[in-house]
Each structure stands twice: as C-alpha cells, then as structure tokens.
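There's a structure below that I have some questions on.
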Amino acid sequence: MSNAELIAEAGKIVDVAGKDAPLTVRGLTVSYGNKPAVFSIDASIPAGSMTAIIGPNGAGKSTFLKGTLGVVPRLSGEVRIFGKPFAEARDRVAYVPQRASVDWDFPARVIDVVLMGLYKSVGLFRFWRSRHREQAMECLERVGMADFSTRQIGQLSGGQQQRVFLARALAQNAEFYLLDEPFAGVDAATERAIVAVLKDLKAEGRTVVCVHHDLSTVAEYFDRVLLINVRRIAEGPVDTTFTAANLQETYGGRLATTHIDELRLA
Amino acid sequence: MDDLITALGAEFVQLSLTPIVIGILAAVACALPGNFLLLRRQALIGDAISHVVLPGIVGAFLVTGAIDAFPMMIGAGCAAIVAVILIEIIKRLGRVEPGAAMGLVFTTLFAVGVLFLEITDTSSVHIDVQHALLGNLESLIWFDADGWQSLLDPAALATLPPQLPRLALVLLGIVLFIALFWKELKISTFDAAFADAIGIHTRLLGFALVVATAIAAVAAFDAVGSIIVIAMFVCPPAAARLMTNQLSRQISWSVAFAVISAILGYVFAGYGPGWFGSPYAVSAAGMIATISGLILLLTCMFGPQRKRIGQGAEA
Amino acid sequence: MSFLDYFIDALFLQAGYNSALVAIGAGLLGLAGGGAGAFIFLRKRALVSDAISHATLPGVGIAFILMVAFGGDGRWLPGLIIGSAVSSAIGLLLVEWITRQTRLTEDAAIGAVLSVFFGLGIVLLTIIQTMSSGRQAGLESFLLGSTAGMLISEATTIACAGALAAGFVFILRRPMTLVAFDPEYAATTGINVRYVDLAMMGLALIVTVIGLKIVGLILIVALLIIPSVTARFWTNQVGLMIGIAAVIGGLSGYVGAALSAAAASLPTGPIIVLVAFGFFVISALFSPLRGGLASAMRHWRFQRRVHRRQGLLALARREPIYDGLTLRILRHSGMIRRDGVATLRGRIASQKAARDEARWAMARRILSDDSAVERYDGLTPIEDMMTPDQIDEIDRVILDQNGAPA
C-alpha cells in the first residue's frame, strides 16, 4: 500500500474515533536536550470523557500536556484539537498549569487572576469591566472562593491557590479542560471541591484531562486513563485499561506489587 | 516670601525649569517599563542596556563621522537590541544563568566602546565616557525664556532644549504601549505558560518590552546619563512594590517616586551645597539616583507590604 | 620596532620593569578573579559582583576626602583601596539585607545598590572636583582603569595584592568547591555555608578593589564572570571548571596587559576584557563538550534518529506518515520510494524496528526491575542494552503469548 492509500485508510479509522475529537495526538515527541521527555506518543481523547494521565515522576506527563498546547517546542508529531491545529481551536481549550509554576508573590488579588481567564472575551486594547468582574465572581463562587476575591494571592494556602487557578479556567468557558496536577499538595476539602467542579463540567458535556499522581483515586474520579512512561503504555476506559499489568509496565519496579493489590483495579 | 518669588521667578524658568521637567520625563519613562522588568526578574536588563549605550553612540559616530543626536540614538538603540539578542543566544547556547550572560555581554560591548573611543580620534569632539555616564542635565537650560509667560510664547517655546520634546514623545509612546497591552503584559508576566496557551505571543511581547526599555534608556541617557537610567529602572518600581499588592497601584507609586526623586535630586544638587556654604553644585544625575535609593531604603524599612507573606514566604 | 616586537617583549616581561609588574599583577588578578568568579558563577550570583564593583566608588571618594582632610595625599593607593573595600562591603551587605528582609528579589537588590552607590559616588566626585587640593585628577581613572603613568609603588601594591588573592583562592578552594557543588551536603559535613558564601564574596571584593586601578570598576566584573562562563563549556566537573576559569582569567589578564603595554594607545581594561571574550567565543563555538557547533550537530543527529525511528515504526504498522521531515529522511536513506511505498530495505528496517519495540514492551513487563528498562529512551536497539540471554527470554514470552514470532 502506498503512503497516500494509507493516509486515506487511517482517515477512516480516525473517523471512527471521532474526527473532531477534543484531542488527537500522533507521534508527539518532545525532548529537553538530547533525551526525549516523551517519545512518539499517540492519544485520542473522546468528547465528554474525563481522562487521567498517569505515570511515574519524570515520565513526561506534564511535558505531554505542554507539548500538545505548544507551550514547549515539539521535536516531531502532530496534534489536533477538535480536528484543527491548536492555534485555530485555542478558544475552546482551557489550560491549568501547575500551581508551582508561577510566582505567587505577584502583586495581584484573587479576582485579578480569575479575570485573566476572560482575556478573550475582553478583546484587544480594552480593559476589564464590571460585567467581567461579575462573571469572575460567579466562577469564584463555583470553587467556593468568593469570600477571598480581594485577597492578595500570596496569602492563599496551596489548596486555595489551586481553586483560584480552576476558577480562572472556568472563566474561559471552554469545551476542553487540561489540568496539570490539580490535586498536588492540596487539602482534602479542596480536592473534593475540585472533583465536584470537574464532574459538573463532564455532566455539561465538556471534556476533562488531568495529569494525576494518586493511583488510589483514579477509578473514583475518572472514566478513562492514559498511561505514560516516556512512551504511551496504554489508553482506554478505566475498566479495561487501569490494570495491574499495565501499571506494572508503566511504573516498572518502582511500584510494589502489594501497592497494586490495594488499588481498586478492574 | 520674596525669596520664594525670586526662587521661582524668571531665573528659575530659564535655568531650572527645563532640567527638572526633563529629569521627571526621563525618570518616569524608565520607571514605567521598570515595573514589569522587576516582576519578570529582569531588573538588571536595564543595567545591561544602559552600559551598551556607549558602544552604540561611538559606533554611530564612527559610521556617520558627525556628532548628531539622531544617528547616535539609532546607534544606541541598535546596540541595545544587539546586546539583548546576544544575551539570549548565550543563555541558550551555554545554558548559563541570565545574570552571567548579561554580565558577559555588557562588559564586552562596553569594552568595545571604550576601545573605539581611545583608538579613534574623538578627542576633538564631545563624546566621552563621562558624558555617557553623567549626562548634562544642568546644561539643558532654556536660553530664550524670560519668565513663566514664555510658556505661552511660541518663539520661546521653539528654543526649548530638543531633549524635552523628544523625551515627552518617548514617554507618551511608553505610556501607550503599557496601556494598550496592559492585559497581555500582566498575564504573561504572572503566568507565561497560561499566556502562551491562550494565544498571547509571550516572546514577542517580552521582546517589545525590552525594546521599550531600550528606547527609554537611549532617550534618557542623552539628557541625564546612564546612572539615572539604571537607578530609575530599578529603584522606584522596587520601592513601589513594597507599598502595595496591586499592580496598577504599584505603577502609580513608582511614577510618584520617580517624580519625587527627579525634583528633590535636582534641587538638592543645585541648591543643597549652597546651604552648606559651598558655591558649587554637585552632579544632579548622581543626586537623583541617590534620592531614589533613599526612598527605596525608607520603603524597605517602613513599606506596608515590604514582607513576603503566606506561601510566597517559603519561596 | 614593530608592534609585534613590543608585544612579544611585553609578553616575556622585557618591556620595562613597570610593564612587567603590571602584566604580572594583571595575570595574578585574572587568576584570582577567574577562580573566585567560578564559585560565584556556580552559586548563580554572577551579577552580585557587579553590585560590589559599582559600590566601590563612594568609598574611593570618601577615602580621598578624608585623606585630604587629614592633610595627606588623597591619591595614596592603599588608602583608596581600603575605602573602596569598606563601601563595597556595605553595598554587599545591603544586597543581602534587602533580599532577606523584604520581598524584593536579589536582582532588584543588585540593581538598586549598584545604581545608587554609583550615583552617590559621582556626587562625591563632583564635590572633590571643587576641592582646593587640586590633585583630584586621576580619580576618574577608577571608572575605566589606567595603567599609563602608574607609579612603581602602585604596580607593586597591585602585584602583591593579586598574589595574595590568588593564594586565598587556592587555600579556600576545597570548602568553596563543596559549597558550590552541593550546599546542603556541604552543610552536613560541618561547613558553615554562610561563612563560605561570605568568603567567596570577600574574594570577589578583593579582586574588585585591586582591579580598580587596572581594569576600572565598570569592567572589573568581566574578570569575575567571563572566565567561568568560558570554563563551563569545557567540563562538567566542578573542580576542573574552577581551575580552567582561573587559568583563562590569568591568561586574559597577562596577555591583555602585555598587549596594552605594547601599544600605548590601547587602554588596559578593555583589552583584558576583549581577550577574555576571545577565549569565550572560541570555547562557545568549538568546545567538543558543550560548544555550539557540537551541540547543534548532536541535536540535528538526534532529531534525525527520532524521525527515522518513528517513520520506520509507522511503516511497520502500515500507518500513514504526514511529517515532511520524516518522509524526507526515509526517502534519503532509501527506506521509501518517492510515492511513499516502502522499499525492500525499508521493509526490513521497519520489521526490525517493530520487533525491537515489541521486545522492549515485553521487557518492560517482565524485566521491570532491570536497570536497562529504566534507561530506555525509545531509540536504542535492545541489543545494545541487554544480553542475548535476556533477549531470548523476552522472545520466548512473546512467542508464548502470540503463538507466532514477532
């Protein structure tokens, strides 16, 4: 078969998975220096799903996310968001970076950060107005942070900072949410609040992808998993993919077998 | 009372008004972009840029063979941009910290400037290292002014030192840049990855900010010298950061501090020695920098938001 | 005598007693600067030295004023050096104080201290210009340095102080290496990291004040920064890097001083800086370890490997290839024809790549504790990482599972 025929055939396959799926990744490779952080990853995230990206530390989970959004340069590979290049589908995507990636000593209040999520709806050369403030307050309400709107962001706890980041993403009113370690270092109450918001998003038909590190909550929070350790190990519904064998392959010797036994596996 | 009238009379307009206004314009033009440089941990870019102004003007002189403000400003601007690009390349190539890359580039370019000055015959013309460092704020007087009414006299206004309208224009440009790209500057300074993801060209914006910085530095150095430039990039914004936790207020404070430094610095330099019985004035540029430093010292000790708080305190 | 003759004379210390002393002094100064600078560089505080050097100026001015006030000669070099040391020490402490006590970051503190101290110094210089002593001329030379017309006593002072500083670097190299490499570990071995940091800064301060007369306060920071950035291109070892930095600094100082002795119109400071920069450019481009050319080549080869591997795997899985670079690479290496159909060679290579992938996948399952699996990068053939016995074992398991050879 020639390459042209193959492209035609693969087109059919993609159609089955949903040609306009929120995320289709083919052969994504990103390297820092001369070592690939992620190598030749394929993935396709169906609409309305809630997917956890799982893998050991340094396995390239965050890099995968950043690579799909072009925040870090790609060495090779192709990324389609809703069937289009990211630049054309940007407004339908909300990205929540790791909490530790920013300087929380920045001179801003909680509401200022949420207003950043309304950037697109404000427009070039214009300023935030009172109706934007109202929208921002609604988003803070949803994550239970309305009382903190005028607080300096440096005064917040880790969990509160994470909720503010989520509120900023909600303000973007996107169809596809990509979150990098939203549960890292947050208190139990925050974790519950964030999960509730994410499940609401899913219920509204939106798509959620989280980089996640706590294997014990995967089955409870998510319906799909993408297992990554530099390569893609497996991808699919939690029931069939979140298996001891796949985890063993993903984590290698770093995950004790007894630990796997304790997980609620399929 | 009579003293005051004399102090603010015709002689004041002729000798002191324009230097003070030029000092204020230069200080504010530098302090404004300085706010963002401070928050981006690039405070020392201003330092690097003001050092490479010297090779820029020397280069322009060697090319054109004339002492003319315009080509020299172009030369200085080009040198600043070359320096910024070199710093970027060395940072990437050598994977070294920005401070080291900056120090390497600006010392080398400064050395080139000094070398050119020494080996070419520039002794006959008026460029020297001291001028680049100190400026000549005191000499920017308004010859044709004979009192406050001159401000309404087109003929007299036409003889204003050219640095004044030039700096006013640059300041206007910088104010426009910051006002128009307020959201973009704020978002990309706080969270570059998020800014990238929502479609802000963070690299381009960062470069534009550095170019604005370079323009401010180049326009200011001609009038007031490099020292004020470096001091105004850092001191007023740093002092302002310790006064408030809101970016817009920080910027207002920095403008206020810049204006106060310029006025007090000029007044102390011109009249201060007289209070101690000395007939001579001291360097106004140096004094303005000193005053801005004193303001920073005061805010470091008493500024209401001087301490890191909460999570930030651990970092 | 030509310039070259003068230069060679100066290089071999034949150009007069004074120039020889200056060259030796500059060489020792560079040695100490390179060594001390390397520690500071490794602690990522290169520009602190910029604050130190600019903060010397008020000290020079005050020392001059005091010495004149007490009826002495305002230009007495040891006095000026002490004055500059005191004021730059104050500047250094202020940088530390601002960083510790307020929310401002170190770069802001550096910028503030260097500009304000420099401004204050300029104010003092303009005061000195109005003083009646009339011997103020020469203080400006501290801005850019000047060796022309240097007194023998001054040259001797500089040479001695340079030797002293180089000696200090040598004595303190072990604790400073430990701290620069891993401060936490150094602390557990009983080293007081804070004292060592202060000692490093003290050394930078000594280099700065000695260098004022030769290189000047604006350019002296180059002697602390450029040699260490240059040395970093040649080695990943801390100890070696410090040594290389010291040698490069020493050579720059010595050769630069000799050059400027040979041509009276060449100012010493800028020449020394440019010689150091020359070493930097050569290293940045041509160092085989981290130089630009070598890095670019490595990256290019690596990208090709990635694309080739991905392309072969896509061929094996009969997947389409969209990526232009991948197609080009496969075509150039004869793996596919112009129309994208795999050649015989391409089919063989792609089968091999696919078998390798299958073996690696199985290896991750059954040999997950093996160190080779941990180092897997997606590119290295399994034969390079595992023994034939291991591969046989992997093949057997694959055979068991699939019922057919991979």
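The chains carry the letters A, B and C, assigned in the order they are written, with residues numbered from 1 in each.
Just so it is clear, a contact is a pair of C-beta atoms (placed from the backbone, for glycine too) under 8 Å apart; a residue touches a chain by one contact, two chains touch by 3 or more.
Chain identities (UniProt): A = Manganese ABC transporter ATP-binding protein; B, C = Zinc ABC transporter permease.
None of these values were measured; they are calculated from a predicted model.
Peer 1: Does the chain-touch network form a line, ring, star, complete graph or other?
Peer 2: It is complete, because no pair of chains fails to touch.
Peer 1: Counting only C-alpha atoms to place each centre, which chain is farthest from chain C?
Peer 2: Chain A.
Peer 1: Average the C-alpha coordinates of each chain, average all protein C-alpha coordinates together, and give the chain whose average is closest to the overall one.
Peer 2: C
Peer 1: By count of C-beta pairs in contact, what is the leading chain pair?
Peer 2: Highest contact count among chain pairs: B-C.
Peer 1: Quick one: chain A and chain B, Cα centre-to-centre, how many Å?
Peer 2: Taking the mean C-alpha position of each chain, the two centres sit 43 Å apart.
Peer 1: Just curious, how far off is chain C from chain A if you go by their C-alpha centres, in Å?
Peer 2: Using C-alpha averages as centres, the distance is 38 Å.
Peer 1: Distance between chain B and chain C based on Cα centroids, please, to the nearest Å.
Peer 2: Each chain reduced to its C-alpha mean, chain B and chain C end up 29 Å apart.
Peer 1: Could you tell me which residues belong to chain A and also touch two or more other chains?
Peer 2: 105
Peer 1: Quick check: what residues of chain B touch more than one other chain, meaning two or more?
Peer 2: Only 241, 308, 312 qualify.
Peer 1: Do you know which chain C residues sit against two or more other chains?
Peer 2: 103, in rising order.
Peer 1: What does chain A use to touch chain C in their complex?
Peer 2: Against chain C, chain A makes touches at 1-4, 6-7, 9-10, 26-27, 29, 31, 34-36, 39-40, 75-78, 105, 229-231, 233, 245, 248-249, 251-253.
Peer 1: Given the complex with chain B, which residues does chain A contribute to the contact?
Peer 2: 66, 69-71, 87, 90-91, 93, 95, 97, 101-109, 112-113, 116, 119-120, 122, 125, 127-128, 152, 154-158, 161, 168, 172
Peer 1: Where on chain B is chain A touching in the complex?
Peer 2: Listed in rising order, the residues are 39, 180, 182-183, 186-187, 189-191, 193-194, 196-200, 241, 244-247, 249-250, 308-313, 315.
Peer 1: Taking the complex as given, what residues does chain B use to touch chain C?
Peer 2: Touching chain C from chain B are residues 38, 41-44, 46-47, 51, 90, 93-97, 99-104, 107-108, 110-112, 114-115, 118-119, 129-130, 133-134, 227-228, 230-231, 233-235, 238, 241-242, 269, 273, 278, 280-283, 285-290, 292-293, 296, 300, 303, 305-308, 312.
Peer 1: Which of the residues in chain C come into contact with chain A in the complex?
Peer 2: Counting only chain C, the residues touching chain A are 103, 298-299, 302-303, 306-307, 309-310, 313-314, 318-323, 325-327, 336, 339-341, 361, 364-365, 368-369, 373-374, 376-379.
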